[in-house]
Amino acid sequence: MSTSTSATSAAAAKSPGPVGVGDRLRLWWNQLSRPAQWGVGLPIILLIAAMPVIRPPLLTTPDTDFGAVMAQFGMYALLAIGLNVVVGSAGLLDLGYVGFYAVGAYTVGLLTSPDSPWNKTGADGFLSDKWAWLAVLPVAVAVTAISGLILGSPTLRLRGDYLAIVTLGFGEIVRLLADNLENTTGGGQGLSGIAYPRVGVTEANPFGIFSIGNTAEPFNSGLWWFWLSIVLIIVVLMFVGNLERSRVGRAWVAIREDEDAAEIMGVPTFKFKLWAFVIGASIGGLSGALYAGQVQFVVPTNFNVINSVLFLCAVVLGGQGNKLGVILGAFIIVYLPNRFLGIGDYKYLIFGLALMIMMVFRPQGLIPVRQKLLAYGRKIWQAAGRRSREEQS
Amino acid sequence: MSERDRPDHENPEFGQVERSEWDSEEAGTGRYEAQQASDADEAVVELGEFPPISELESVDLSDVDPALGDPKLVAEMVAAQRETHVEVGEALMQMRDVTMKFGGLVALDSVTFDIRRGEILGLIGPNGAGKTTCFNAMTGVYRPTSGSVAFDGVPLGRLKRNQITRRGIARTFQNIRLFGEMTALENVAVGTDARHRTSVPGALFRVPRHWREEQDALERGMALLEFVGIGQRATEKARNLPYGDQRRLEIARALATEPKLLCLDEPAAGFNPSEKSALMDLIRKIRDDGYTVLLIEHDMRLVMGVTDRIVVLEFGKKIAEGLPVDIRNNPAVIAAYLGVPDDATA
Amino acid sequence: MTGPWAASVFALADSDINFNISALGHSFWQLTIDGLAYGAIYALVAVGYTLVYGVLRLINFAHSEVFMLGMFGQYAALMILGFSPSGNAYAEGAVMTIVFLGIAMIVGMAVSGGVAVGLERVAYRPLRKRNAPSLVFLITAIGASFVLQEFVHFILPKLTGGKLGGVNAQQPIRLVESKQQFTIFGGSVTNITLIIVISALILAFAADVFINRTKFGRGIRAVAQDPTTATLMGVSREKVIMLTFLIGGVLAGAAALLYTLRIPNGIIYSGGFILGIKAFCAAVLGGIGNLRGALLGGLLLGVLENYGQIVFGSGWRDVVSFVVLILVLMVRPTGILGETLGRARA
Amino acid sequence: MHRLSMRGALVVVAVATLALAACGSKNNTDTTAGGGSGTTAAGSETSGAGGESSAPGTESSATSGTGDAGGLKIVPQLQIDKTGKEVPAAAAADAADPAGDGKAKCSGISLAMAGALTGPNAALGINILNGAKVALDKHNKANADCQVEMKPFDTEGDPQKATQVAPQIVNEKSVIGLLGPAFSGETKATGGTFNQAGLLALTASATNPDLAKNGWKTFFRGLANDATQGPAVAKYMAETLKYKKVCVVQDNSDYGVGLAKEITTGLGSVADSSCAAKVKTGDKDFSATVSLITGASPDAVFYSGYYAEAAPFVAQLRDGGFTGTFVSADGTNDPQFVAQAGAASKDAILSCPCGPAPEAFAKEYQTLNNAEPGVYSVEGYDLTTIMLKAIDSGVKDRAGMIDFVKNYSGQGLAREYKWDATGELAAALIWIYKVQ
């Protein structure tokens, strides 16, 4: 009996629909086996990594160091991936994401800066100067994850607009805490001399390749931080990919699509929303630790609401729910103002306008969401592809 | 005495929409849906529509899993494996004089009936008879003011909705609520996840249980899609499917949670006669596969044709219960539906 | 491991957060009066948030910029009237002061009202026509807020030859010289405080009468309750939405004038942003969607903030209002007066 | 149509409120002498650092109306040393002249300037750049075959942007000397970069004391730091002006916090801790702090922060009935302070390590930049002159520039420039100004 129905539905499937280039490309990509995908992906990643070394004339940013700009791009990309888990996958609008970025940066700052009372490096501290930053990195991620839990558990019963305002409040509270608790966080004076990986110490670079002082032509500290951020991005992308192609990813997208239907289909929505917050927070904390290591100086002023909105801009412009899309969004947010200095002043005006126009004409962003939520999904795509090839040939 | 349901802004279609039937009383989780009510006078424009690429993606089932070609094997894979304590024919769900009061309003008045395991029970009644309230009381969304509900021999406490589904009661919706952006197979996979126990760290580091459960999700998902007859459209987006297929997908998704009791809420709404007969075949096939089905429906021909027993509600009271043929001739039921001729009212 | 940290956390706490209740007791009434004056301004702005939320379920983030543009509007009016920056208007005598205050307020209200309606027309109407989800509305609102801020920051000075807008605040034009009128329990009440509180109460009363008594008010409440049915009853949803934005804008314009009376140096492109968020906190505190709730919430938040400032130190002022917001949303999401305009939203 | 009538109703109500309120303000009709309208042509010639700082650089400068309230100006009073004692103003001996002997030969050499040229505090960065331009203009006119060019780098005053700009400056091989960075925060973030690259970093405005404690060989500060300004002003208030009780109010910027610490230790017991308060940059409403201070009724209030907050604060202090003197430091020493505070800024005392701009310099500055010299313009001029002197004396590379500056000693417009080992000025004097 079932074959008859499938025949009728297969006939119905023949309805001619225009096939976009994007879809053809995506179908081709979905059918590639895992190693083949890496084969295509790796050269592209290496090319991007080599950009600041080759410094192509058109791309290099005048006035600001191309390596340092790409390092900032790496950090914003990490943030965008983290925020994408919260906003893109689970559909929870978080306007206070800079709070997690600040918690990550300040955790590293408090544990390794000579200005802070809790400094664990130097004479009495147990952290060796060389690996202090790397040792503190997991602590920063853990502390941010806990802060995600603290913010998430009371507020995740709220929805949509309410959640947005409460998270905005949280971001402001974190910044004001860093500002007001002067004796610990140095308040307005910030924390300086934060640890960074002391690697590759040569007499030319007495403080190592990652120190701010390393300004040797292409291979300066900005470039090394950019490569480090690429490594972290790849690792985080794999982890988030694992989550997406599993029960967790499906739960998140179900919550985004229709929370009540998801609840009725057996998805413990509160638990998974909380997990989305915690994972988003820890990725934000990771990026904060990266920032503290690169700038080696942390001050509350640049963890304000405007940055929160800039991160949201990156996710929305890139394409909510699409990991690669949000990375493209982060690139636009960081690179364009540096590349075309003329718009330096008008940065926020342009981003504001871009947001408004995007929301009207292309709410799904530049690269719309095409997440694959099944670990073995490839088999299905291949099956789909083969049948159509037989028909066409 | 209409159900105390608050009007729903969310659904742009006209007319009284009985949407918030599971309007739960949990603190603070009052259902909130984005204010999407579009202007009545403007056409509703679908958001960012992508061209359907259906003909490229019809799935060659034998390629995925040879067993999918043979309906008997499919039925086996899909059959209810959950060990149920109650014997076939015994009362799976027992409602003992359940009364439901909202403030002064009596929505259900000491309703008592059973749903026996393995049967298809019809629940009918004129609009506003309390079918939905009864449905919600039965599935634990509402706590009955008095009386008791037992499912599979265990009294139903006050459960969260996802716990109810895990307990073994699955349901479909009157107005289709699929996950639009997800493909058909992914929708069903969400259903299978109700029974899975992979934790987030487990998924992060891909522990063996994760692989097992993913494999299970794929196999059972495809089997279910084939079982309800839309195996070909596995990679099609839910919102791109035709209406009939979306209904079938919803049933497949409900079956994916391996329920003991499947509740269909007016599944035939908007079907033409040929689709209705196909639906009747599907419901019987589900019952033959070992599931107990509760059918809430207005279409008498469909109800009379497929159900084993029928319960009739009117004004919150049970006015009749029994075989379809008796119900058709039962005077109380006729009066409830067609009204009493003038001279008869003494 | 936690031992030493916990000790240092407490050491940290008392060194930076001082906790002097004595200072609160000492100037309690003065703080209350100042708090009420400030709260009245929050209240008027909060009405804008509440009405728009009631009708469209949308947090109008750009409302703070409507307020800011109201400030620039009334400042421009005074400049056109011939007042030079830092020349004081009150030197003209009482009668003329009233006339100037009146003109400035009217222009402020007109500018704010116009901007609010224009904002709805440009930013929100296209989205409503496309039936966009609420996340999209919110992001557009944030975008609009930045566009308006940066317009005043960079483009307005070009248009007005450097007279309006730009990096620094406008040079103050003082309309009313603050003189202490009388004291209550030792707290001095200046004429500015008097003008603010009285005008705020009268405007609030007018808005309340308008919403609850007039035909248009009924239209607004109807659309808030159930837009679909309201349109069936002949209420033009578009007109009501425009009207809601207009009232919100007009009241924000009035609040802008009152704010510059109290803080003449506050006219700067970024002057509205944080105040807007506080006003939304006030609207939520009072019960979002409820006009009287917004007024009560505004006054309460103004006073609470002032107390917090003294008890914990002025650095903690914003923290106090955000903490109040989070507590209210968790304990009682519907706010003090609960929501009467539309459905409870958690 | 009905919408208009409805709004009309609302407006009538509003006017009614005003009429009602006016009776409350009946008795404030004493016409003050000022007679508000009409802009008095404010020529603040000799006001030195108090010149109008409307910087041509940012077209969005403050409203350029120079209508000072009642003709108030910031007038230099006297110069004090570290102990607060008055030091007779040394005759402005022949300050070093950037023109030199006109026969200098140089090629392929340039200088750089780093500081905030856009963003909220752009005015201060542009004052320095314009001051340097005056020196460059003089030098390039006099030495035909030694044209030195200064490349500006904009850091928006943000430490992270500075870390991106610093490598770019260091990689410019032709740059052998840097005027900047302007703010303490960005100097702290990039000091290591310039130190390691061996490029001279001569700051004209970063006054945070512990910048000199990092052992950077390339850091030189062209003015007194807060560690001298703080005690000097504190002693001046305690001993010279004989104040018994002073409330110290600080903002949360690193400049504000650092200076307040110095002032409080300098004042010792005179600083009343009960009325010490903290405010935020960007605050506009100071009602709580005002009521705290009027409660303590001190002789004077010292505000440690920038003019954007100082102006509304002093206005609300005066409205709150505070009659003591308002004292502040170089962050508030700006004509914008007088413009925004209006009459409330009368008799305010403002200190600044920066010296007043002499007559001739103010004229040249006006002609070149069609604006009046602002805070730190004089320092920009003096320090650029020293670097030009080094180039004229044949310095070709960065190391040479550092040696030249290390043992340079000469008189500039603002003060006598001689540096100790850590890059601090040996003789640092503080100027006291008053708003009259």
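Chains here go by letter, A, B, C and D, matching the order in which they are written, and residues are numbered from 1 within each.
As a working rule, a residue touches a chain if its C-beta (ideal position, glycine included) is under 8 Å from a C-beta of that chain, and two chains touch if they have at least 3 such contacts.
Just so it is clear, the model here is predicted, and its values are computed rather than measured.
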| item | value |
| --- | --- |
| Set of chains adjacent to chain C and to chain D | A |
| Which of A-B and A-D has more C-beta contact pairs | A-B |
| Most distant chain from chain D by Cα centroid | B |
| Separation of chain B from chain D, taking each centre as the mean of its C-alpha atoms, in whole Å | 73 |
| Chain centre separation in whole Å, for chain C relative to chain B (CA means) | 48 |
| Chain centre separation (chain A, chain B; CA means) in Å | 39 |
| Junction residues of chain C - those touching two or more other chains | 57-58, 130, 132, 134-135, 137, 153-154, 313, 315, 333, 345-346 |
| Interface hub residues of chain A, defined as touching at least two other chains | 157-160, 179-180, 182, 345, 363 |
| Per-residue multi-chain contacts in chain D, two or more chains | 252, 278, 280 |
| Of all residues in chain A, those that touch chain B in their complex | 1-3, 5-6, 9-10, 12-20, 23, 27, 157-160, 239, 242-243, 245-251, 253-254, 256-258, 260-269, 272, 275, 279, 321, 362-364, 368-369, 373-377, 379-388 |
| Chain D residues touching chain C - in the complex, by the definition given at the top | 2-3, 6-7, 9-11, 13-22, 24-29, 31-32, 34-39, 58-65, 67-69, 120, 122-123, 252, 277-280, 282-289, 291-292, 295, 308, 311-312, 315-316, 319, 321, 336, 339-340, 342-343 |
| Chain C to chain D touching residues, read off their complex | 23, 26-27, 30-31, 34, 38, 82-95, 97-98, 101-102, 105-106, 109, 113, 153-154, 157-158, 162-172, 174, 176-181, 190-191, 194-195, 198-199, 202-203, 206, 210, 214, 216, 243, 246, 250, 254, 262-266, 270-271, 274, 306, 309-310, 313-315, 317 |
| Of all residues in chain D, those that touch chain A in their complex | 118, 153-154, 156, 158-161, 163-168, 170-171, 185, 188-190, 192-193, 195-197, 208, 251-254, 256-258, 278, 280-281 |
| Contact set on chain A toward chain C in their complex | 87, 91, 93, 95, 117-118, 154-155, 157-162, 164-166, 168-170, 172-173, 176-177, 179-184, 305, 309, 312, 316, 345-346, 348-349, 351-356, 359-360, 363 |
